[in-house]
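Common to both upcoming complexes is subunit A, partnered first by subunit B, then by subunit C.
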Partner chain A sequence: MSNKLTNILDIKRVKNYPLYMVIPAVFILLLLTIYPFIYLIFVSSHIWPISPTLPRIFLGFGQFTYLLQDPTFIESLQVTIKLMVIGVTIQIVLGTFLAILLSTKTRITSYFTLPFMIPVFISPVVVGLIWKFMFNYDLGILNYLLESVGIGAINWLGTPQNAFWSVVIIDTWQWTPFTTLIIKAGLDSVDPTPIEAATVDGANRFQIFRHVTFPSIAPIFTVALLFRTLDAFKAFDIIYIVTRGGPGGSTYVLGYNIWKTAFYQNQLGLAAAMSVIMIIIATILAFILVRIMKGLLERE
Partner chain B sequence: MIGRISRTELILRVSLLVIFFLFFMFPIYWMVVTSLKNTVDIFAIPPKWFFSISFENYWYIMSDDSGFLKKILNSAIASTLNALFTLLLAFPAAYSMSRYKTGGINLLMWFLSIRMIPPIVGAIPLFIIFSKLGLVDTFIALPILYIIINLPFAIWMIKSFMDEIPKEIDESAYVEGCSTTGVIFKIIVPLIRPGIFATLVFCFIMSWNEFLIAYIFTRKEAITAPVGVARFITERQILWGYITAGATLASILPMLLLIIFQKNLVRGLTLGAVK
Partner chain C sequence: MNKIKKLLIGLVFTSILIPFSIANALPPLASGSDWLRDWSGTTLVLTSHTGPTTDAAKVMAKEFEAITGAKVEVIDESWTDLLAKHQADYAAGNGSYDVVTWAYLWGGNYVEGGLVDDMEPYMSSELADPNYDMADIPMAVQEVYGRYRLASSPNPDGLWALPYKFDVYLAMYRTDLFEEAGYDSCPSTYEELYEAAGKIKANHPEMDPLAFPMAMGGNFLSSFMAMNSGYGAGTPDSWTDGNLFPKMHQAPTVAAAKMMKKLMEYMPADALDYDFDKANTAFAQGNAAFTVNWNAYMPYVLDPDSSAVSDKVAFCATPGGPEGRYSALGGWVQGISSQSENKDAAFQLIQYISGKDRGVDFAMNGGSVARFSTANDAAVVEKYPFYPLLMDILKGYTGFGVYRPWPEIEKTMETYFHKVMLGEDPESTLLKGAQQVYVQAQRGGYNPGATGPKPN
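Up next, the complex of A and B:
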């Protein structure tokens, strides 16, 4: 064992060089994640005001037991999961549909790919602001269009139900292109032979998609699904810009709740406790993703 | 889904694509158009589709009063520094993992799991630590913090480019008497140059667009463009002209970079899952 350690520390040993090349990246990431994580747990057991002059009071698990009975926290957890499940489902279904449209074999479709990518590459702040402007009740272009076709104005951000769905629309606008790109890449790599064989055998197109195409794109499909799930779990920017968690807590997602508790209400300790719970949920989700990705990589 | 399709269906498919095209492009069009209207035209009902172009929003945005150009410059500094830091850390790691399988699949997955951490969770302890170190609202804070977000991406991305270069090329170079450094700089680097550029650009865009961390870790001096745009929402009113002009300015660079590097950027976004 000690022999092994001296080998690793021997800087003249050429066999160690690959290891040394990985170390800076690993070290920096450990420094920026593991140490803050331990510190986070420490903070979460205290009442911890932002101002360093105010006293810190040790509570142990007090804040966790408080949180598990706090209706606002439970509600924000529910909103986060609801937004995640609904948003991601729509984005995957719409993304699949668009990917199929984009794989139509004509020259025109190739011109559509680039414009479809733009939403993913602009800042969520910009996206939130444009939509907030378009959703405006009196001045927004959307209500003008709705009124001119005789449907009547919608109070997009004014009622809890509507605000929730407006956020879903914005999220869908920004991230459907992402799922589309991944699923399209999957479709492009499908071997056409079994599809032709199935066509000859008289299968209809839905059957072909269900039994031939889908199984072969299933791996890449899970990649899209799980990436989106974890990103949707982090939701903050659009909520902050468009709804600030309201009205009536209908868009009060966990990310926004933590930010507000920490940097608006000055309760870093309580926010840290929420963060610990959030990181546990994220770890479970990530664990599932990593297992699936690992399975895919090993199959290759 | 490839099979032959009828003419009617082709027309149907293309028209659906056009509808989706409008859905995805209209908000961007509306942002740019609004930024070019004067205050009266912005609030006109019915909305003006044709109007005389006014640059008043841009003049204000670019004046010293708003200080927005300073924020754009801050964004550029933070994003450039971060892209360079990230590349310096990612390149050797990716090389080692691609050529020597260092750490195997578990190390690769550990990097991936870092990407899954919600940024707000890291923000609280890091904010306390950075406050103690006096790093809040400095030009070095964001480039360092964005390493957490970008490094896992960059390692996966560069590794996926390197994996495509056959090992036989390295081996024949070694046979010719080339050193490891020689192989890296004379063979690997030139061959994956597009990948390196795409990685730099990818990190740059991600840092450029980031809001939450920038919002928490800057106060006055180091504020970035997205935070600057968000600040045009004031207690009393929302300054739509300035917001759309600022948002347009903040989006020009990412959009240009997307047009230039489109294919390779998608690879970064999906951690190399899409080739």
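Up next, the complex of A and C:
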């Protein structure tokens, strides 16, 4: 009896048993990821008003050809890429410096680490509202401080350049602690022996960081870059709260454009086509970054 | 055993009597309310935007509950998100709402989109308020708010909505500052306003005399609309013609845009970030001498608790241009949700809120009512002195587009107008905007080509 039970439970007796074991995972993946993506492509090939009673017309690639000539879409793609490149670069550089500072073991840094992370825990909507008040030209605290030290008030949200940089400042304020945290985790896990050896050999701090520490944390560095790049590419909430895409479309990012097109302009098909393009670009970016990370890991 | 038996009998009788006592708790029908039915056990969901009119509607909804026994849930949300929320809800087929409130300029999405039912059959049914009196509602309001006569309409003669919130764009000015600058009345043209603003600025260099809502999201077009018609772009639609052929690149709109840019000299540096709230607050705090806004904002300026200028404010029509003086008509309307399961009750609630007999109460509670009888009521005029002006202004009104691609076209136009306000060349920039509007109209299923080729 006991032997029979053992035989039944011995799953290795089942032919191709590993295949059966991955079936639930594959099913869930198909249901939650692949099916919505295929449906998205299907919707993107139609004029698909969100209102249920309006006709849906098959266009093939028509939405995509329209988008490639649509100045608003091209402008919003440019703004998104600009925001992503500038914002993420600042956040990674600043995050690295702060991670190095916080990795220095002193009593102050250990007290400072947790409060430093607070912006990451706050909802982006709340962050947007806080900064919107601070950026207010007449009543905001930033202009009050600038004027009290003799610098004139800045028109934070009233000109295209300033509005763009205001969004960069907010994004940097919220997400630099995140990159700091990841890079700090990498720094804390670095084996101190090579650093000690390099110090004995007479290397200075920059040389140690460039030739010993950085190669060790490079894969983790790339993870931070990957997360932030993809997240910045999807920017929506802060724009929605602070600028609503203005002035003059200077902060009209792709995520906001998609939302507005789908739910305000009643064009789900066009928004789906924008989303497909967004997914393609994000996948290419992720692919490049993962390849870099893989290369770094292999080199290590 | 007997005791238990008595107790059980007592419980049975009590449980039978409870429903009767609840039914008897309903008040008798108020005088003039006998057209209302008993809607006990019915729950109605009314969706609307936040603000004083909806606060007043909540009071009306409580009365409706007390009279009919229905339960009314009022869901109020920021107006900026309402269209998106409604469309998403209807697409999901949730059937969440019975009474739907929308800005008339979104009419295409609600009527063509099948989100609301034609109310014409209800108006002649026994469900209708016999004293509703459509003639008491200005014809312009009836037409703009309730009808949808485009070729794409499911029924061009249908009545799709009844007025909910009456919005007219008015000007507010500081009598003390204008008098000091040598003006005893409101500027009648934008050129005159420009001159007056210059004089006020000279008297008060620290002040930016003009506070116009100029941000994107409908603010700019609201402020620009009357100016556009005043410079000759036409009325009641100064944006496109009947085929949705754009007008924004044509001489009248270019001239109006240049005028607006000129007025920006006397606006705050962040003028393009001023929305309705911010412009109104700036004026109420005494930081501006002249503003334009929807009448719904005016009680706030008249209230000494929220306004530093309540005793020195006067109202007038927005200034005019070389081709006349027009006023922008906005407004919110209510209709019966096509997904409602309580359409009869929903219709009665809509009529109860906007009915003639309750117009004065609605207005006194903070609602904005489009009725002659309300606008002429002495108590209403005493509390809100701008009411008679609203009716007068309707003689020359200009409005938003109501067709389905309007939200997209509105966004495009505002983007290009903003570019002009930021210093780009008006002619070439507005031409680019017009080209985009032309394509958007075509994609929306309209035929601007019937008027002419794509502008270039």
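Throughout what follows, the second predicted complex is superposed on the first by the 258 of 300 C-alpha atoms of A that agree within 3 Å, B and C clash if a C-alpha of one lies under 4 Å from a C-alpha of the other, contacts with A are read in each partner's own complex, and residues count from 1 in each chain.
Here is the rule we use: a contact is a pair of C-beta atoms (placed from the backbone, for glycine too) under 8 Å apart; a residue touches a chain by one contact, two chains touch by 3 or more.
Keep in mind that this is a model prediction, so the values were computed, not measured.
Asks: Counting residues of subunit A touched by each partner, does subunit B or subunit C come out ahead?
Replies: The partner that reaches more residues of subunit A in the superposed model: B.
Asks: Examine A:N155 and indicate which partner it touches, taking first as subunit B and second as subunit C; both and neither are also allowed.
Replies: The answer is second: A:N155 touches subunit C but not subunit B.
Asks: Quick one: is A:L54 in contact with subunit B, with subunit C, with both, or with neither? Answer first, second, both or neither.
Replies: second
Asks: Is A:P124 touching the first partner subunit B, the second partner subunit C, both, or neither of them?
Replies: The first partner, subunit B, only.
Asks: Report for A:F263: first if it touches subunit B alone, second if subunit C alone, otherwise both or neither.
Replies: both
Asks: So, does A:G246 touch the first partner subunit B, the second partner subunit C, both, or neither?
Replies: second
Asks: Report, in rising order, the residues of subunit A that make contact with subunit B in one complex and with subunit C in the other.
Replies: Looking at subunit A, the two contact sets intersect at 52, 138, 259, 263, 268.
Asks: For subunit A, which residues are in contact with subunit B within the complex?
Replies: That would be residues 17-19, 21-22, 24-26, 28-29, 32-33, 35-37, 39-40, 43, 52, 98, 100-106, 108-109, 112-127, 129-134, 138-139, 141, 144, 148, 173, 177-178, 181-182, 185, 187, 190, 192, 195-196, 199, 205, 208-209, 213, 220, 223, 227, 230, 233-234, 236-237, 240-241, 255, 258-259, 262-263, 268, 271-272, 275, 278-279, 282-283, 285-286, 289-290, 293-294, 297-298 of subunit A.
Asks: Taking the complex as given, what residues does subunit B use to touch subunit A?
Replies: The contact residues of subunit B facing subunit A are 1-3, 5, 10, 13-14, 16-17, 20-21, 23-25, 27-28, 30-31, 34, 42-43, 45-47, 89-90, 92-93, 95-97, 99-100, 102-103, 105, 107-109, 111-114, 116-129, 131, 144-145, 147-148, 151-152, 155, 180, 205, 208-212, 216, 225-227, 229-230, 233, 238, 240, 243-244, 247, 250-251, 254-255, 257-259, 262, 265-266, 269-270, 273-275.
Asks: Within the complex, which stretch of subunit C touches subunit A?
Replies: Spelled out, the residues of subunit C in touch with subunit A are 83-85, 87-88, 90-91, 93, 109, 112-115, 215-217, 268-273, 282, 287, 404-405, 407-408, 411-412, 414-415, 418-419, 421-422, 432, 436, 439, 443.
Asks: Spell out the residues on subunit A that touch subunit C in their complex, using ranges where they run on.
Replies: 47, 49-54, 66, 70-72, 137-138, 153, 155-160, 244-249, 252, 259-261, 263-268
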